[in-house]
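Right, I'll just put the structure down here and ask away after.
Chain IDs A, B, C, D, E and F follow the sequence of writing; residue 1 opens each chain.
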Amino acid sequence: MYSVAVSGHIMIAHSFVGEIFGAAQQLHGATYEVEIELRRAELDGNGLVCDIGLATALLDGVLAEFAYRNLDDIAAFRGRNTTTEFMAGEIFRRLKPKIAAGALGPGTAGALAALRVRLRESPNAWAAFEGALI
Amino acid sequence: MYSVAVSGHIMIAHSFVGEIFGAAQQLHGATYEVEIELRRAELDGNGLVCDIGLATALLDGVLAEFAYRNLDDIAAFRGRNTTTEFMAGEIFRRLKPKIAAGALGPGTAGALAALRVRLRESPNAWAAFEGALI
Amino acid sequence: MYSVAVSGHIMIAHSFVGEIFGAAQQLHGATYEVEIELRRAELDGNGLVCDIGLATALLDGVLAEFAYRNLDDIAAFRGRNTTTEFMAGEIFRRLKPKIAAGALGPGTAGALAALRVRLRESPNAWAAFEGALI
Amino acid sequence: MYSVAVSGHIMIAHSFVGEIFGAAQQLHGATYEVEIELRRAELDGNGLVCDIGLATALLDGVLAEFAYRNLDDIAAFRGRNTTTEFMAGEIFRRLKPKIAAGALGPGTAGALAALRVRLRESPNAWAAFEGALI
Amino acid sequence: MYSVAVSGHIMIAHSFVGEIFGAAQQLHGATYEVEIELRRAELDGNGLVCDIGLATALLDGVLAEFAYRNLDDIAAFRGRNTTTEFMAGEIFRRLKPKIAAGALGPGTAGALAALRVRLRESPNAWAAFEGALI
Amino acid sequence: MYSVAVSGHIMIAHSFVGEIFGAAQQLHGATYEVEIELRRAELDGNGLVCDIGLATALLDGVLAEFAYRNLDDIAAFRGRNTTTEFMAGEIFRRLKPKIAAGALGPGTAGALAALRVRLRESPNAWAAFEGALI
């Protein structure tokens, strides 16, 4: 199994609801270093899992929804805690249909087997979501 | 599948028995950067795999047994080479029952599916142990 | 000249005023990885620039003012843009008098020659402030 | 499951064929940071997955074929694009038979279950190939 | 003194002339992670050393001359070894007049005191050039 | 001013004397990632600060005195605390006369202006010593 990974980052504000979050119930923020890993059983005719230029553009396009935003203001997240693991899942759920629609180029939909989205929030903590694409 | 990871570190002394170890048969030491990754199929009601404050405290508690110690003096390791991979397994075996006993908070025992313990010993080498929690 | 450095991190929200900031005029946030470097011409009798436990505690104490906060709500910063470089300077200005008052232990005030405060805001950008302590 | 990983690096030139590669059709180059991860169900009598000295020597021996080379000049790669993911696969295919022949020491062939080869090409991109050894 | 730093990277091919270079006399290549640090005594009215968006664009513009190129083909480098330290100096010499011409925004020429250009070529080696801007 | 830096690492055991060291009075150990930075005003005829192969060999040669050792057993360190900052100074003091004797190649003694030795002991702490070479 082959993998290719590309990365980007976003800087967001948010707050959490629930006593378990302690001081993180206050409005604070994070830099998320976001890495996406795409897996494929065989390389294409160019010797690629997929074009990393397209993969970077796809990632940046999805991240643009959140970049320089207060996640508390995003309607789709109303009533949810935008934890790092939740955001990893949300980014996965936005990438998956775009990949299925061919955003990573001819022949990639149906060939890319799995996707992992990893968000590093600090030197000491990260979260990820991974799932099948086919 | 979701993952959350937190990290800490310990500074230990030890020596190895066996010609294969060469100069490492001498008493020497290591800084181990220790990362634990916890996997869970679904987030809990707070949007969490588990509380990373609790995960960090659990890790630090287990590492306290080894911190600033000569591992050659630890009775449980008598007759064993405390290699990086061995230590990854030992840390896993200490974490697993604590997680099963609820150390990561209400609803986590039985929900956390797997654990990976990774120890980086140098810029050029690391070792890990992973296993199921349920 | 000797140096010792320790690090910590904070997660904050803020917004900027001025067209030059583009999308960063919106409320967003950052993880700041904060490293402080202390310089001293000669080691003390223990072989130290200073106790890194005390240095870490001093740094964490100063960072506690900002941790999990919206910097826009901090009275001392009213009317200022809390850019990364500004924050490096503010952290320096809070550390300097505490170091002069002996927070890093007996014999350090007057012996520690200089301090550098560095904040990494993303994989691609950091800022710092450095100045003399004596 | 235990893992051990070691790393090295090579500095190579190459060019790609195909419009999808844009400016990378020109002769350019890369530093590849290469990490190999070896997996094994149980430790051997020394407490090892394998000797990391042997693993490093094995990796360096395989990388020597490519070090300080223009990959366009290597006969085995004629007509292929030496992308990062392709190279990960090629390094895997060179390591696997050597491991099967005992290059990682007595008792490792047949015990080492899987191998992952990862090449970081830049701060923003990496590729990998992983496969079974038994 | 304040500092701000931003980074980018290029992937280049080159060869060296001289027996001292050993195998690096052959055509090979490198990924250079390039970081520029700008120093300024006082922040401007916005609280900035300079706009990091402009700094990143300036760096990328200078790096574009080298990106995906064989440095042996660049006329300005004919007869020179394009070592990492040489390239750090060349990038400095291209940035300095652009900064003096105001590329980093109103009020920066004359205020930015110094520039450091650092190129990491591998996990084990980097080179830099620093000089005054005023 | 140009700089070139190379790195290596050692794994050592040691203990400290003095209540200020707390648990670190016990026999423990560390992985030290050691980076040396050499500064020079002008490049030589090959375009070099110095040969990084020679610099790496020089560093490894000096580190060999400490590699896989208990620093408490080294006669030269009897009665001293082998703190990270102390070790940075000791490595500097061993490198300086070798550089003055030409260990970095023809024309380097007298041309290399300064040396900085940095030891990272953990993700959260490092120490350094720097001084003039001429």
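Please note the rule applied: a residue touches a chain if its C-beta (ideal position, glycine included) is under 8 Å from a C-beta of that chain, and two chains touch if they have at least 3 such contacts.
Predicted model, so just to flag it, every value in this text is computed and none were measured.
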How much rotation, in degrees rounded to the nearest 5, is required to superimpose chain C onto chain E on the basis of Cα coordinates?
120
So which chain is the furthest away from chain D, centre to centre on CA atoms?
C
If you average the Cα atoms of chain A and of chain F to get two centres, how far apart are those centres in Å?
41
Could you grab the centroid distance between chain D and chain F? Build each centroid from C-alpha atoms only and quote it in angstrom.
31
Chain centres from averaged Cα atoms put chain B and chain D apart, in whole Å, by 27
Find every residue in chain E that makes contact with two or more other chains and list them.
7, 123-124
Residue set of chain C touching chain A in the complex reads 7, 9, 11-14, 23-24, 26-31, 33, 67-70, 121-124
Chain A partner contacts - residues on chain D that touch it in the complex
16, 18, 20-22, 80-86, 88-89, 118, 123-131
Of all residues in chain B, which touch chain A in the complex?
1-8, 43, 46-49, 51-53, 56, 105
